[in-house]
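To keep things clear, I will list the structure first and then write my remarks on it.
Letters are used for the chains, namely A, B, C and D, taken in the order the chains are written, and counting of residues starts over at 1 for each.
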Amino acid sequence: MLKATPPNPNPHTPDSQGRFGSFGGRFVSETLMPLLIDLEHAWQQAKDDPSFWQAFDAYARDYIGRPSPLYHAAALESHLRTHKAFKGILYFKREDLNHTGAHKINNCLGQVLLAKRMGKTRIIAETGAGQHGVATATVCARFSLPCTIYMGATDIQRQAPNVQRMACLNANIHAVDAGTATLKDALNEALRDWVQHVDDTFYIIGSVAGPHPYPMLVRDLQAIIGKETAQQLQDKGHAHPHYLIACVGGGSNAIGLFHPFLADTRVRMVGVEAAGRNTTDGNHAAALTLGAPGVLHGSYSYLLQNEDGQIQPVHSVAAGLDYPGVGPEHAFLKDTARVDYQCVNDQQALAALRLTAQKEGIISALETAHALAYVIDNAETFEKDAVIVINLSGRGDKDMQTLAEYP
Amino acid sequence: MLKATPPNPNPHTPDSQGRFGSFGGRFVSETLMPLLIDLEHAWQQAKDDPSFWQAFDAYARDYIGRPSPLYHAAALESHLRTHKAFKGILYFKREDLNHTGAHKINNCLGQVLLAKRMGKTRIIAETGAGQHGVATATVCARFSLPCTIYMGATDIQRQAPNVQRMACLNANIHAVDAGTATLKDALNEALRDWVQHVDDTFYIIGSVAGPHPYPMLVRDLQAIIGKETAQQLQDKGHAHPHYLIACVGGGSNAIGLFHPFLADTRVRMVGVEAAGRNTTDGNHAAALTLGAPGVLHGSYSYLLQNEDGQIQPVHSVAAGLDYPGVGPEHAFLKDTARVDYQCVNDQQALAALRLTAQKEGIISALETAHALAYVIDNAETFEKDAVIVINLSGRGDKDMQTLAEYP
Amino acid sequence: MNRIDGLFQALATRKRAALIPFISAGDPTPALSQELLNQLPSMGADLIELGMPFSDPTADGPIIQKAHVRALRNNLSIKTIFTMIQTFRSYNSHTPLVLMGYANPILAFGIDAFFQQAHKSGADGVILVDVPIEEDATFMSAAERNALCVIRLATPTTSPERLRALLEKARGFVYYVSIAGITGTKSADKKDLTMRLRNLKKHCPLPVAVGFGIKTGADARLVAEHAQGVVIGSALIQAIEDNLSQPQRIVPEVAQKMTEWRKAIEEAQS
Amino acid sequence: MNRIDGLFQALATRKRAALIPFISAGDPTPALSQELLNQLPSMGADLIELGMPFSDPTADGPIIQKAHVRALRNNLSIKTIFTMIQTFRSYNSHTPLVLMGYANPILAFGIDAFFQQAHKSGADGVILVDVPIEEDATFMSAAERNALCVIRLATPTTSPERLRALLEKARGFVYYVSIAGITGTKSADKKDLTMRLRNLKKHCPLPVAVGFGIKTGADARLVAEHAQGVVIGSALIQAIEDNLSQPQRIVPEVAQKMTEWRKAIEEAQS
């Protein structure tokens, strides 16, 4: 236990030290601390400034294409009813329809507006699946800021379409060969960049990970997903959802959907991690399910590590889930049992992607497919007429090559 | 001149023979005539049936993600103001944000609902860029209809990502090696399929081409683009647009934007064709600008043909424009000078794609890039404060490979 | 009386169906194509269908598609076809000849000019593959002005009402497409075809020639029992394609095939 | 008095800055690393920083990253490090030794257990690379219970107010990071650094050791003129990396480098 400060009275927002319960905080070198404090202040101000939200909402609508629809997935639902004793009502929150194809852009839009406000002139970001990289390159193009994207060499291989898109958007792509050359290593390198460019550079972290205030900042921006969902369910005659299901890499799409509902105890939530090839060391990425608390990338949260506290290699067929850590708020939600965390393996995810494509005509991202797989493979466990919302966090265009490799 | 019937009193809809002025008609083998007549009747009924539109609107909203935004492209606008003496106001109609990434799905949704209504149990379609193929495969998956997609072998090569998506959606992809192995040849082969499966098969044509009633049917379905644009411009305080600009392959995205404004003489319209490598025979696809009237694929319209009436090979860097014909309504709009048709070459389109990506963070399809190029390269010709709407007909994910080949 | 009507009247009295071979003008070469055309009557042809090549023959299967490609590789134009017919007529003045093709090359030539010169060169009729009755008015009137028949097509999808309308202005004979399909692929079901042809004859005062999917002698014989003409296209073109590497074999091979079909047709009548 | 305070008092009277080499425990092999550690005092080290390897050393540049990788390939654990220190202390009881590392391996070991055993094995202080003052309370109290110093870091981005807060609980010395950056990359601008150090000394009652970017004798000399300690990390590790293929050369090479730096420091003081 790493917490010396008194407990946080409001469980749904971090305390002044950035702690959700004992999780979170700011474990960075002293050099970065003043930047994090600046960022936190800037966000507190922006958050309370209607003009910030005015700009955000206008771009969200006309540039991103929000609100993303809440789609009644009647075809998959009826397939599951016939073949799996499913009795629920299935909705997809269509973040795949956002500009650039995933929820990531919600966060990037907010952060780039904040960077502008703070007078920053250079942007950096890490990316795994390339979705956050593309989203960052996109907003940087739009707001005329040069950007450098760190991406593991392995991910550059398997998410080539997104690399080409970033290049087309004039992003400077920096391949990272260290470690397993995936998302974790890209984050390491982005942090190293940041500490070397403290004056002009804004680091757009892509998930609810990293040091405070990022987990809060990213969550505040992604919470638009859950807020819209609440309204859309009402419009469709549902007082509230019974289940919210989302995949969990760093955890931003999940927290975005969950957060506005956390106080509503009628709503059950499942975060779905990547069980990879199997649940032995190095073959999965299920930090919450199989990891232990520790410090990585600036915050205290669940991690996949060995007994010496060294970070373990991880694996998921979904590049965006291939990360040994998870956002600290999820660690808190797990320990307080507010959210149920489950995991789903590569094969289940691939099968779920294919089934959803064939029944609904929607090709989801492999990351998203983990959430789909959880519902498909546990279809019989949902009560009659339970309203289930799956966060369709992204589209699968980027994954066609991987799919071809797993026929 | 191929018309023996009296002139059509309403210029904005075809007469009973499917003629726009002298263009259009039904030049197909006798075998297909009864099917076209059936289709026409079915469409007349569906069109007047509120329940049809109810279903269409529901899927348009929650499945496709409509309305697509009307985005003020302020970054490109300001670039053009600074560098090109541009004085207009630039909007993008964001069809790229539709499910599957282009306007094509509007049409496919309507046609598949019609196919269901008609009790058809099998779908066929042709595709060039693969966008119409993906959109068809998508709605077929959603509505549980088997489908076969005809696609030229050349296009299969250059639009590989879309081929993979169709396969993932369980479409049966049929490579066409005949001719130049592009869109025209795919259409030939789809027609051959249709005539062999007259009882159960519905042919979803992907543009406002083909025999009557297709040019009318597809246009009626795509007109949602223009209708939304009219409303959205009002909401943004513009009484009407001054210019509507769209690329023209078969012409469906253009007619979709133009049609609701045709009667409003304050609105000028430009359809932009592909001038390819150059304007010599075989190197472009500018049927309206450089072709002559003739019959291909069931209708009388402008065509690229030699003096013997043989169809010419065509070329465009954009697979979806690589077609020697054009929808007959465009032929009529050209001859009546209601719409101005211009053309833009490969290099202009590639440059426009890149500039728009770098300024707006929007990677358009190469087809769309022709419309962008027209505005960019004629920026100084627009009057001060002219409201210009470019139809952003699709996204460019599919074109990343081609872009790499034209550095 | 024109050659077509003359032929069918003559055959009616002899109770025999006409053998109607289809070749594609200019295939495999202009010279060989001319030779084939010239010799077809002596091989047993009663009426000849001469295909006009088109770059996009959507009603044709692979066999005839390839014939179009071969002809176009030789830059075969309509003007050349008229010259071919003129040459043919210098040897033969009695065998009816019908041009078969797609609309666009005719439009490019000019509808009026086309019918005028077709007549002048010695053609008797025209089959327009992709021009249904709704669209053939201008073709019809040009044909009429130039004493040519536009041969109309009926198919398994043609309803009785359409058939009535179709027959109204039909001239020469009716071309019955035996299947819903393209050339050179499937063959019609025998029982089905028999029934359809019986039905058709009830309404149709004109001779009926049947095409699409007739390959063997047996096919030809069956059709000959119920119709006034037997059109053989892909099966003949296949014989050309099979001998492309030894072109001197093409005329004898076609002749042999023609003999078989002719024999079958004559047997049918007996 | 603990060894660290003792060292700086002694050097203060002699008006010389401390030479503080950094090596990574277990690099390039456990045996060579032990030998280096044992010999550093005789090579001129006044205080030793012993790095604890971590899989994700985000504050380090490529040179020290590779040292971490080499050490981890040898499965180097904190337990092994404590054994190393015990062995060192069997030869040397006076040279202060400070552990430097990232938080997670310490957490995995257990904070209390770590400080307890660090003390027992003979370590004097701990530098926590990724634990800023906001997060070090639990580490501080465990250190205090076990008579160890937590050495705090100040950087060019540290404001005067932060510096005040930082100094409040600082023990042993203050580690001044000379650049906003990672180890082994750029060096501080000389004029800039001089000014910053003068400023820092105004507020700082503790000795100041300067690290990051000190490579040559000239660098060392300059720093020694304005600070109480000169930390040399990447430049030393580079000497190890350069000789990986002939490991017997590593100790003599490091010794030679140490002699240069030591000489430079001694010149500075004069």
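Quick notes on this structure:
One rule holds in what follows: contacts are C-beta pairs under 8 Å (C-beta built on N, C-alpha and C of every residue); 3 or more make two chains touch, one makes a residue touch a chain.
From a predicted model like this one, the values you see are computed outputs, not experimental measurements.
Chains that count as touching both chain C and chain D, per the definition above, do not exist in this structure. Once the centre of each chain is set as its mean CA position, chain A and chain D turn out to be 38 Å apart.
Each chain gets one centre point, the mean of its Cα atoms, and the points for chain B and chain D are 68 Å apart.
Shared contact sites, meaning residues of chain A that touch two or more other chains, are absent.
Among all residues of chain D, none touch two or more other chains. If you draw each protein chain as a dot and join the dots that touch, you get a simple line with two loose ends.
Every pair of chains that touch is listed here: A-B, A-D, B-C.
Across the complex, chain D is touched by residues 1-5, 17, 25-35, 178-179, 184-185, 188, 191-192, 195-196, 198-199, 293-298, 303, 305, 307-311 of chain A.
Interface residues of chain C, counted against chain B in their complex, comprise 54-61, 65, 72, 77-78, 102-109, 111, 129-135, 137-138, 141, 152-159, 162, 166, 177, 180-182, 185-186.
Across the complex, chain B is touched by residues 61-63, 65, 68-72, 75, 94, 96-99, 101, 137-144, 161, 164-165, 168-170, 353-354, 357-363, 396-397, 400-401, 403-404 of chain A.
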